[in-house]
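You will see chain A twice below: alongside chain B first, and alongside chain C after that.
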Partner chain A sequence: MISLAGAVAFILLAPVVGGLIAGIDRKVTAHMQGRVGPSILQPFYDVGKLFEKEDAVVNETQRFYVLSYFIFAIFTGALFFAGGNLLLVIFALTLAEVFLVLGAYAANSPYSHIGAERELLQIMAYEPMFLLAAVGMYVVTQSFNVSDIAGFPELVFVLLPGVFLGFVYILTIKLRKSPFDISTSHHAHQEIVKGVTTEFSGPALGFIELAHWYEVVFLLGFVYLFFAASPVIGIIAIIIVYLLELAIDNTNARVKWQLAVKSSWAVALVLGAANIAVLYLLGRV
Partner chain B sequence: MDVSVQLLLFLILFPLITAFFMLAVRRDYERRWIVKISALLIGAVTVLLLVTQFDKGTVYYGFNAEAVNQLMFVLEMAISLLILWFAVRYRNYLVMALTIAETALIIWFEAASTPAVLVTSPLFIDQFSIIMALIVGIIGSLICVYSLGYMRHFYLNHTGIPDRTNTFFLVIFVFISAMFGLVFSNSLVWVFFFWEVTTLCSFLLIGFTKTEEATKNAFTALWMNLLGGIAFAAAIVYLTYQPAGMLGLDQVLVSGKALILIPAALVGFAGLTKAAQMPFSSWLVGAMVAPTPVSALLHSSTMVKAGVYILVRFAPIFQGTVIGYTLAFVGAFTFLIASGIAISQTNAKRVLAYSTIANLGLVTACAGIGTAEAIWAAILLIIFHAISKSLMFLSVGTVEHRIRSREIEDMNGLIVRMPRIAAMMVIGIAGMFLAPFGMLISKWAAIQAFIDAPFGLVFVVILIFGSALTLFFWAKWMGKLLVITPNVENVEGLVDKNEWIALVSLAGLTTVTAFIFPVISSVLIEPFLRANYGSVALLSQDNIIIMVMMLFLIVLLPLSILLPHRKHRNLPPYMGGVATTPDMHFQNALGAKTEMKLANYYVGPWFGEPRLARAGVWLCTAFIVIMFAAAVVGGGFL
Partner chain C sequence: MAYLKKSPWLIHYDASSCNGCDIEVLACLTPMYDVERFGIINTGNPKHADVFVVTGSVNEQNKYVIKNIYDQMPDPKVVVAVGICATSGGVFRECYNVAGGIDTTIPVDV
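Showing the complex of A and B:
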């Protein structure tokens, strides 16, 4: 069931793919804002430079948290692409996130502290919908294993349109895009400086950026899972979803965390749970 | 006599002997040795029981127990009189009325003496009993050992009140004895007797400090548990008038469902009160006034576990009935609402209390659903919760004696001030909510169980939202502990040796059980399920391997601090450019010297206790009313 090849491929290729996505992201965003934008390879130069910088820390424990975040972010994606259990994948992702949050707490810094609190609120906001997406796939395919879901002969999306929309909604949080870039942001207009990542610099920040690339590839893999029966549609879906996220990012102002949590929960109930409930009613009564 | 029955009787009777010794000892070192040796013996015998009995299946021990029955009746009357005396002394009319009602039911049952009364085998043992015995024996004993150190500190801090350490240990050993009796009794009459003993013991322990607040909360706990006791007694009276002899667990479980819906609902109700489910959750929160080892005992290995124990025993009856579903709803909503309330609590012990209530809710929900998979999850929850929660309580107790506070905000940077105890707490918290530790494995199992059950989606949704709330309050507490504050001294000093033994053992158990849970499952839980349901729930081998991998990573990653690394420079945290001293003081806009202070979010307007608790009480009361209505209608006409 578990395919080691998938895991290895993810570990080796995801940084390349993730970095390219980040590059395209910046290029497209620039065009949306009427700029030319940097080269598509710019994210690689940026991260490379971070690793050359001086290793400056607030305290030594930060290194441990960053390393743990990095390793479990990879673990999450590797387990996903190996075809593992979807619930376990989500739990591993939560574990990774918690390490990042703990690192922010440990710094004893006002900005990273607020970032950490907000990051936890964001996790609390997206996790129900994330798990419901897994539950929805189980209800359709009778398996939590990514390998079985990917091998399901029909488009999962057809039965789970609500769940899919709900997932796209929380994807905005996970990709750290406006209006939900509440705990930290890629843009330079964050009122809490860099939030959860404020106190990480140099190589530590480089690792966080790399971990984020791994996460982005995993998340887009999750989007693909809704369309796995037809790879062409799957790829198109990924492109459309990502462009949609960019459009949302560039046309929305950041909201307060209260709205982010409330709306994510509402979406999880109205789109996610209701969609699955309809399947129950159709399938079992 | 069979060896196993000797072990059984030893576990029930030996703690009583220790309790009597407590009446006699005067000197501190005598007490210390008696408690330590007793704790060690009790723990060792439970392990011996495991080793000798795990592969024997369910064994019933039949003997003529007429004399014991009569002794129990006499003792029950004595308990009633004692409670009545307390009620009169403190003018608590509610408790008085409830005690009289309960006593009347007991006398009614004794007088009835129909053929149903005869239970051929009053004692029994199966894998679930062994699991419960291990929890009581090992965790209960560790709490006893811990109490030795704690109570000495307690009286150093509370010099004004007379030293009643002997009474304390006496009640605790009686409590442990009653718990063993409860999990080994096949006769429902015996279960009820031990049930009442735990009610009395918890009343005495909660009111131990005899302050006004303690007395008030002890009476709250008493009347709520008496209500459950009345329901239990009513169930026994009802069963007495059934045609077949139905007062043994073995007989109840094989009888037709329709016949016993009413007693099942009554026992379910009793379980809800003891397991502190809404609307009865307030007694467990109030019980926080007791010395911390008492909280640990009530929350992890005894009392509330008696409530969920009986629910899990009755689960095959609940399965697929309206009673089961309403019970499951009470549990599920208690889980959701208590998890929410925990977010808004600033007092560490109250956070722990609400988390206990929430997790018991999850067990109740599993028991109400009652499928084999759900019971698998329920038993895992019981095991892991007992270990992690006792570790958390005992750590908080030790910290409280050092920093004189139970507030989470006062634990800021505990990892610097008291590194070893903070590490224990971090392990405990990780055990409560992070993959791949115990509680998360159990929640995973619960999701799997709910999703396969009829109408399970509702419970899945509640569980998913509830665990998102759980994550928030645990993670922010953990973060608070791990803050690295500058210029702070290590004040850990010498923690009492006995306290350390308990803390380190529990932290070890938290980690080790996460590693060996597949063994626990295949040796103990699965045979139990096979005997009761015929089918077995399993996690696939792959998932177990992956979790063990994660666990290894988590255990190894802290070692990364020891790795050689590049030369680094230490910088102060970013303060927006304001000049800040190394101890985080800065000049504010008005020129005054201000200390930089950070506090967690508690989101009071959303998760405030009064509002959520009120909603929970009404909601869960409604479900309980539906449960009884369904029992009467279904039980009367089916």
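Showing the complex of A and C:
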């Protein structure tokens, strides 16, 4: 049931795909703002440069936390693409994030601490909806295994439109896009210096960036899972969702963390829980 | 060093003087000039930066700030002094509180 090929393919291909997505992201964003924008390969140059820089860490334990974040980000996606248990995937993702937060707390800097606290708030904001997405998929397919959900003959989306919309809502948080880029952000945006990544430099920052690419590929894989019965629709859905996130990113200012937490919980409750409740009432369980 | 040329992230500090050069630097980030097409990002965080762009002259109060930012940047790093005030102190050179150009505090590359 667990396919090693999927995991290996993810580990090898995700940095390439993730980097290209980041490059296209920057190009499209630049065009939306009326700029020319950097080359699509720019994220690879950036990460290549970060690994050429001096390995300066504030605190030796930072290295351990960053590597743990990196490894668990890979583990999350590898387990997902191997067709593993969806709940375990979500817990692994949370663990990865917790390592990032610990890494930020390891440095004795107020900016880094604020970033870490805000990262925790973000985790708190997106986690309920993430779990509801897994529960919704279980209600529909009677399995938490990604391989079974992907092999489900109907479009999961048709039965879980509310859960899907809720997931797209929290995707903005996970992709670090406005209006929810409250802990750290992409592009030249700044967030209380640089939020959770303030105290990381050189190779450590490179690892964080790579881990983020792995995460992005995993999250877009999650979007695909809603449409897994029809690969063409799945890929179109990924493209539409990502472009939508970019449009939202470019047309919204950052909100306060209170609104981010409240609104994502409200969305989880209204769209996610109501969707699942309706499925129960219709007797689809 | 291959990638370093393609991804110069900068941190910009405006020392004293008239802010004209400061505005010029920021204008480069606008859609009109768009320095991001060369991979340049204004980071605002010395730990992420490769290029330290300083405008304006050094005085007694900001020389510690300049030194501090410079020390926080990981190697390899480059210091660029923009404008005549940053180069030599410019018209403020004779002022009692001005120490001169940026090279009086940290080594300047360009």
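Note that the second predicted complex is superposed on the first by the 280 of 285 C-alpha atoms of A that agree within 3 Å, B and C clash if a C-alpha of one lies under 4 Å from a C-alpha of the other, contacts with A are read in each partner's own complex, and residues count from 1 in each chain.
What we mean here is this: a contact is a pair of C-beta atoms (placed from the backbone, for glycine too) under 8 Å apart; a residue touches a chain by one contact, two chains touch by 3 or more.
Just so we're clear, the structure is a prediction, and the values are computed from it rather than from any experiment.
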Partner chain in contact with A:199 - chain B first, chain C second, else both or neither: both
Superposed model, chain A: greater residue contact from chain B or chain C: B
Contacts of A:46 with chain B and chain C, given as first, second, both or neither: second
Partner chain(s) touched by A:54 [first = chain B, second = chain C, both, neither]: both
Touching partner for A:35 - first (chain B), second (chain C), both, neither: second
Chain A residues contacted in one complex by chain B, in the other by chain C: 54-56, 193, 198-199
Chain A-touching residues of chain B, taken from the complex the two chains share: 413, 434-436, 440, 444, 447-448, 451, 454, 457, 460-461, 464-465, 467-469, 471-472, 475-476, 478-480, 482-486, 540, 542-543, 546-547, 550, 553-554, 557-558, 560-561, 565-576, 584, 596, 598, 600-601
In the complex with chain B, residue positions of chain A that touch it: 1-2, 54-61, 63-64, 67-68, 71-72, 75, 79, 84-85, 87-88, 91-92, 94-95, 98, 101-102, 104-113, 116-117, 120-121, 123-125, 127-128, 131-132, 135, 138-139, 144, 193, 198-199, 203, 265, 268-269, 273, 276-277, 280, 284
Chain A - residues contacting chain C, complex: 26, 30, 33-39, 42, 45-46, 48-49, 52-56, 187-188, 190, 193-194, 197-202, 205
Residues of chain C defined as touching chain A within the complex: 1-4, 6-7, 9, 29, 31, 34, 36-39, 41-45, 47-48, 50, 74-76
